[in-house]
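As written, the chains take the letters A, B, C and D, and residue 1 is the first residue of each chain.
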Amino acid sequence: MAKPLNIGLIGYGFMGRTHSNGYTKAPHFFDLPYTPVLKAACGRDQDKLKAFANQWGWQSTESDWRKLVERKDIDAVDICTPNNSHCEIALAAAANGKMVLCEKPLSMNPAEGMKMVEAVEKAKVANTVWYNYRRVPAVTYAKQLIDEGKLGKIFHYRANFLQDWTISADLPQGGAGLWRLDVAAAGSGVSGDLLAHCIDTALWLNGRIGSLSAMTETFIKERKHVATGKVEKVGIDDACTFMCRFDNGSLGLFESTRYARGHKALYTFEVNGEKASLKWDLHDLHRLQYFDHRDEGPLRGWRSIHVTDGDHPYMGKWWVPGLQVGYEHTFVHQVADFIQCLAEGKPCEPTFRTAYETQLVLDAIMSSAKNGQWVNVAK
Amino acid sequence: MAKPLNIGLIGYGFMGRTHSNGYTKAPHFFDLPYTPVLKAACGRDQDKLKAFANQWGWQSTESDWRKLVERKDIDAVDICTPNNSHCEIALAAAANGKMVLCEKPLSMNPAEGMKMVEAVEKAKVANTVWYNYRRVPAVTYAKQLIDEGKLGKIFHYRANFLQDWTISADLPQGGAGLWRLDVAAAGSGVSGDLLAHCIDTALWLNGRIGSLSAMTETFIKERKHVATGKVEKVGIDDACTFMCRFDNGSLGLFESTRYARGHKALYTFEVNGEKASLKWDLHDLHRLQYFDHRDEGPLRGWRSIHVTDGDHPYMGKWWVPGLQVGYEHTFVHQVADFIQCLAEGKPCEPTFRTAYETQLVLDAIMSSAKNGQWVNVAK
Amino acid sequence: MAKPLNIGLIGYGFMGRTHSNGYTKAPHFFDLPYTPVLKAACGRDQDKLKAFANQWGWQSTESDWRKLVERKDIDAVDICTPNNSHCEIALAAAANGKMVLCEKPLSMNPAEGMKMVEAVEKAKVANTVWYNYRRVPAVTYAKQLIDEGKLGKIFHYRANFLQDWTISADLPQGGAGLWRLDVAAAGSGVSGDLLAHCIDTALWLNGRIGSLSAMTETFIKERKHVATGKVEKVGIDDACTFMCRFDNGSLGLFESTRYARGHKALYTFEVNGEKASLKWDLHDLHRLQYFDHRDEGPLRGWRSIHVTDGDHPYMGKWWVPGLQVGYEHTFVHQVADFIQCLAEGKPCEPTFRTAYETQLVLDAIMSSAKNGQWVNVAK
Amino acid sequence: MAKPLNIGLIGYGFMGRTHSNGYTKAPHFFDLPYTPVLKAACGRDQDKLKAFANQWGWQSTESDWRKLVERKDIDAVDICTPNNSHCEIALAAAANGKMVLCEKPLSMNPAEGMKMVEAVEKAKVANTVWYNYRRVPAVTYAKQLIDEGKLGKIFHYRANFLQDWTISADLPQGGAGLWRLDVAAAGSGVSGDLLAHCIDTALWLNGRIGSLSAMTETFIKERKHVATGKVEKVGIDDACTFMCRFDNGSLGLFESTRYARGHKALYTFEVNGEKASLKWDLHDLHRLQYFDHRDEGPLRGWRSIHVTDGDHPYMGKWWVPGLQVGYEHTFVHQVADFIQCLAEGKPCEPTFRTAYETQLVLDAIMSSAKNGQWVNVAK
């Protein structure tokens, strides 16, 4: 019989919903040694919080996250707040012996990130960061193919994350749902929000990055700030691009922007190896494109693999071949894996330490973009 | 505060799972006047049933569906059993004043279907048939576009449903998960299983079919029967094709098969109108292809609409633009709509009466395939 | 050194241009035992004919095709006139001992077609019909794959040819470039114009058709006739669909129309075999889609083969991998093959006799569409 | 009546063929004031040259290009030789008052390039560089759309040119067809061969580049050299990537490589503007992808425009809608435009002076790749 795993959730916004859905659905599809219990949700606006808790079945609410992390009946703290509060909350949670599940990016900067790593490691609590795209079945399958050596030596890795939702100059910075445009809350713009995903996947699939050269741009220089009501300088990057060299000798090319008209959330990556290549695209997340040079010569072509078969990662738990899952399932998978790892005493990747690597790359990006030099990624 | 709606589910197979998921998820995403309560699940194998009930949180189990439909604490009976039991269960449920939600196809034949229609109408109970693909957001949106007159006069409607999972001669008929190959349980092969979906959507989008000419084929003539252990004649159709004339003057072309190598569940339809055309494909169900002749001449092209925006049907309830939902969400939408309709005292389409129309078309298909003649669809 | 092959061309319209281009380009890319010489072009409007001859380098012109087919300096007569004159010209050409290259469809009906077959066979002259799509490299390659047995037993063949250029009711029948809408000149509508291509390819790839059931429609019932200046009944079919059974046991489904908004010339076919499937599309004619069930399970997917490599049919004669050829090249290939066959004393497919088979199918289609019955194709 | 334009061609390799085809076909499809006459072809291997001249109808041959450029009966010299001879030939041709058509890239470096510009300008001879991809109809159409302001302010330009033909370490440098791997003949690797195309298109579509940061890599460090028979250091770049800032404020990202397994000649570009975006791909060169934010909200989507209509650039001269042209047609278009410009006394873009701009960007790339700094492009 599955034991309960009492969750305390902090933040009830977009990520609060994806995680709540993950906790709710995971036990319906996966045979888990622990059953997540929606013990307490925490937030500032009590009316909205109550409505949220009611909709998802959170058993109680808290208005102060400090109280939540001290509650005896909470096993794991899930941090879904803006980036600038991740560190403080995580430290307190770890100090209280709670497991910590933290939204990405881990932190505002490497210094904060290292504190968080040290805190959870010192407290010996299970921890993970919600880089959810690792658990798109097609992406997990890409990882398997690379690890099996199907691609051979890697020459190129390229990724981009293109959006178009901030092109209008009328959008304010800060305010409901717009904290991502406020540098004080977000720390950065597309680099921390979008590139962070690309980097996490890249490090996972292709190993460490040695050095890089980056460029950032803020197309809209001033926006009204919701907090002050005044037009203020925009501190975030609207676009961020970098070239790099991976430790395995391959070249990398990354781009993210919120000014690519026509793209809603086009996260794509492509890996070119000596023997085979693969590419993936969030807009059709259930497909993996694969080219194998070992195929009979004139019959070679990019295969569009519909990753919905029972022998594809995670898919044996869902429906039947041809029937796709969607975005939200990545969170269900992470919940299931977190619980499975917990039972086996294994880390659930990406851990805080792993996610810290992404912070190091982000830091090198910011540094390079500022000084116009190639920068070595700290290790 | 939402009132409870007590569900009694009969059958715990593939459809038992999709419906359970629908009941569970709907209240998390939609603001509903009733909350589905997973009151009782019914099935024959009690071990499997218990495991199923446990995984989904069904509060009780029954081994005899007759008991279930008589239980006072059940408001609605959901029929997820093989086709040959739909009629009997529905009649009993209606007789007991229960709402009835029935898996498709409604019945084995029009005679059964009419009995079912009469039963629910006489009992004045809410009823619906799970032709779930109507509630793929892209399909619902197609309906809106047609109803708005965006396409103008319709010339052509074509649909197919292609699979490849029964090509191996080693598959038995009957047995776990394979009742669809046993004519006694399924009534027919691809026509009732796959074409039924195509027909339901077509009637919904394009109106009634007047006459048709059909062809069926059974490629594998004999298969081992699980019930008898012997090799027996296969009674189902492996492939079924028909041409037709709709009442609106357009021509229709339909094909379904389980022998189209390379296609897992490729349900596609295309509608060609005087002013615009659209097409859709289950393998990328979150997209709608649209061509508008009113676009500026040289800029005309098929648009690939990523149906994930807040102003697309149902999508305002889910995530953010660019993040796709999947197959299972169609059932969530049907649960939400059923409950909304219930509260408003409106029928939830397709009702039994509506789904009966599909049975009439299926009957005409079987008749035409047998006698090689054009057949008028009964009205 | 290549010997001259003197061509006499009748008709200088669209097909006059594609063929002239074929004769001109073939020797630049293929090493041919004969060099086509543009000896004489024949047409009614002498100003237009002269301009045409001048543009392409036709050495002389004729206003009467009877003169042309009697000219001693002509080796081969190429018929590019409307369908209703094919037979008469071909008979005269053969009677004069000329080789005959005839545009498709061969004839207005099987009776005419058989006369033409007998004429060229009696005269023992080389002959071919311009079903040019056989010589799209991707289509030729499809034929190779099927002949090699890559697909195994065939279950399904489906093809359609969708256009949208006659939706406007303002188009007249007959007149410049519009003889295809005049039943007197064209014999039929989409069946002879578009379906004929689909049938030729199908018979080539999948063998003979045994029986079929067809449906035709004329959406615009009356159009102004250019010859009379009056609004007259339209005699052609605007759309034509048929289902059939091939002699090899596979099922066929064909559709053609000029009322499919959004499709310019979408000729597609798909073949589903036990082991593999393939599909092709004229709108991206340089690609072949291929699915092979023998691929490693989870890596199976439709391959998009860019048919531009040196080991793809014909492509070794053109550019380098990745650089596509277009529509016109199909005619160049047919010229090259005709000349090669001529030198080797072999028939150049499709010969008149082969193309006659397509007439038999077209005849069965017309008959079935009229009487609403399944019809056996004459053999 | 069209006047003759006597062409002298130097080099009979791959580009000798594409140009010969251009000269031959242009007058068949375009009404031109001059008719190209294939007067003389020049090359070193006289047997191969004779065979080439014979196949294409070149009226005479020369073994020494110096003789050719001095011939009185030559109006225009077409340079199809390896890059390291472009300058010397062009200077001599201009000195002899010949028009000069030069293969891309213009020169080995900016110094050479400027000499060439000055030579043709001083001699006042018509000149052009064969950046043929400008004249793919879809690309020309992209230029029209941008110039019309359809995209509005541009935020992003990205392009790549991916190939995979040199992955094998067994390929030698130099030798037949492989001079592109020999730095002495080619000057550089993918940058001059592939990126040069991307840069030419980018400057044309999006204006000048201000500064850039580049990275190059040579994956295979040593290859057998055909000239010496020894294994020697490889001097070319196998991959070259750069980020840049255009003068119009947009960001650019470019990548080229011959190590992207699965891509034959995948030249793609995408332009993101405030109001609309477009993208194009050489592997389906007859299509243009277009997204227009002004479309009705929920109906927005990327349009796949099949650029084959009579009102698309150049396409009115070819076939009918839906029938695609291919790679070779870009050269036909450049011949037609060159002749038209000649008659009108206008420059045929890209002229030497225009193509010199690409050399400046290439020079900045090489410099940045060497020193790891951002470099301003000289103006």
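Just so it is clear, contacts are C-beta pairs under 8 Å (C-beta built on N, C-alpha and C of every residue); 3 or more make two chains touch, one makes a residue touch a chain.
Just so you know, these numbers come straight off a predicted model, no measurement behind them.
Undergrad: Which chains make contact with chain C and with chain D at once?
TA: Output, common partners of chain C and chain D: A, B.
Undergrad: So, comparing C-alpha centroids, which chain is the farthest one from chain A?
TA: C
Undergrad: Measuring from the mean C-alpha position of chain A to the mean C-alpha position of chain D, what distance in angstrom results?
TA: 42
Undergrad: For chain A and chain B, let me know how many angstrom lie between their CA-based centres, rounded off.
TA: 36
Undergrad: Rounded to the nearest whole Å, what is the centre-to-centre distance of chain B and chain D, using the mean of the C-alpha atoms as each centre?
TA: For chain B versus chain D, the centre distance works out to 55 Å.
Undergrad: Quick one: which residues in chain D touch 2 or more of the other chains?
TA: Those would be 263, 300, 302, 306, 309.
Undergrad: Would you pull the chain C residues touching chain A in the complex into a rising list?
TA: Residue list for chain C touching chain A: 141, 145, 288, 290, 292, 295, 297-307, 309, 311-312.
Undergrad: Give the list of chain D residues in touch with chain C in this complex.
TA: My answer: residues 14, 18, 20-21, 24-25, 27-28, 55-56, 163, 165, 263-266, 282-287, 306, 308-309, 318-329.
Undergrad: For a test of understanding, state which residues of chain A touch chain D in their complex under the given definition.
TA: 151, 155-156, 158, 162, 164, 167, 213, 215, 217, 219, 239, 241-243, 245, 249, 251, 253, 255, 257, 259-263, 272-277, 291, 293, 300, 302, 372-374
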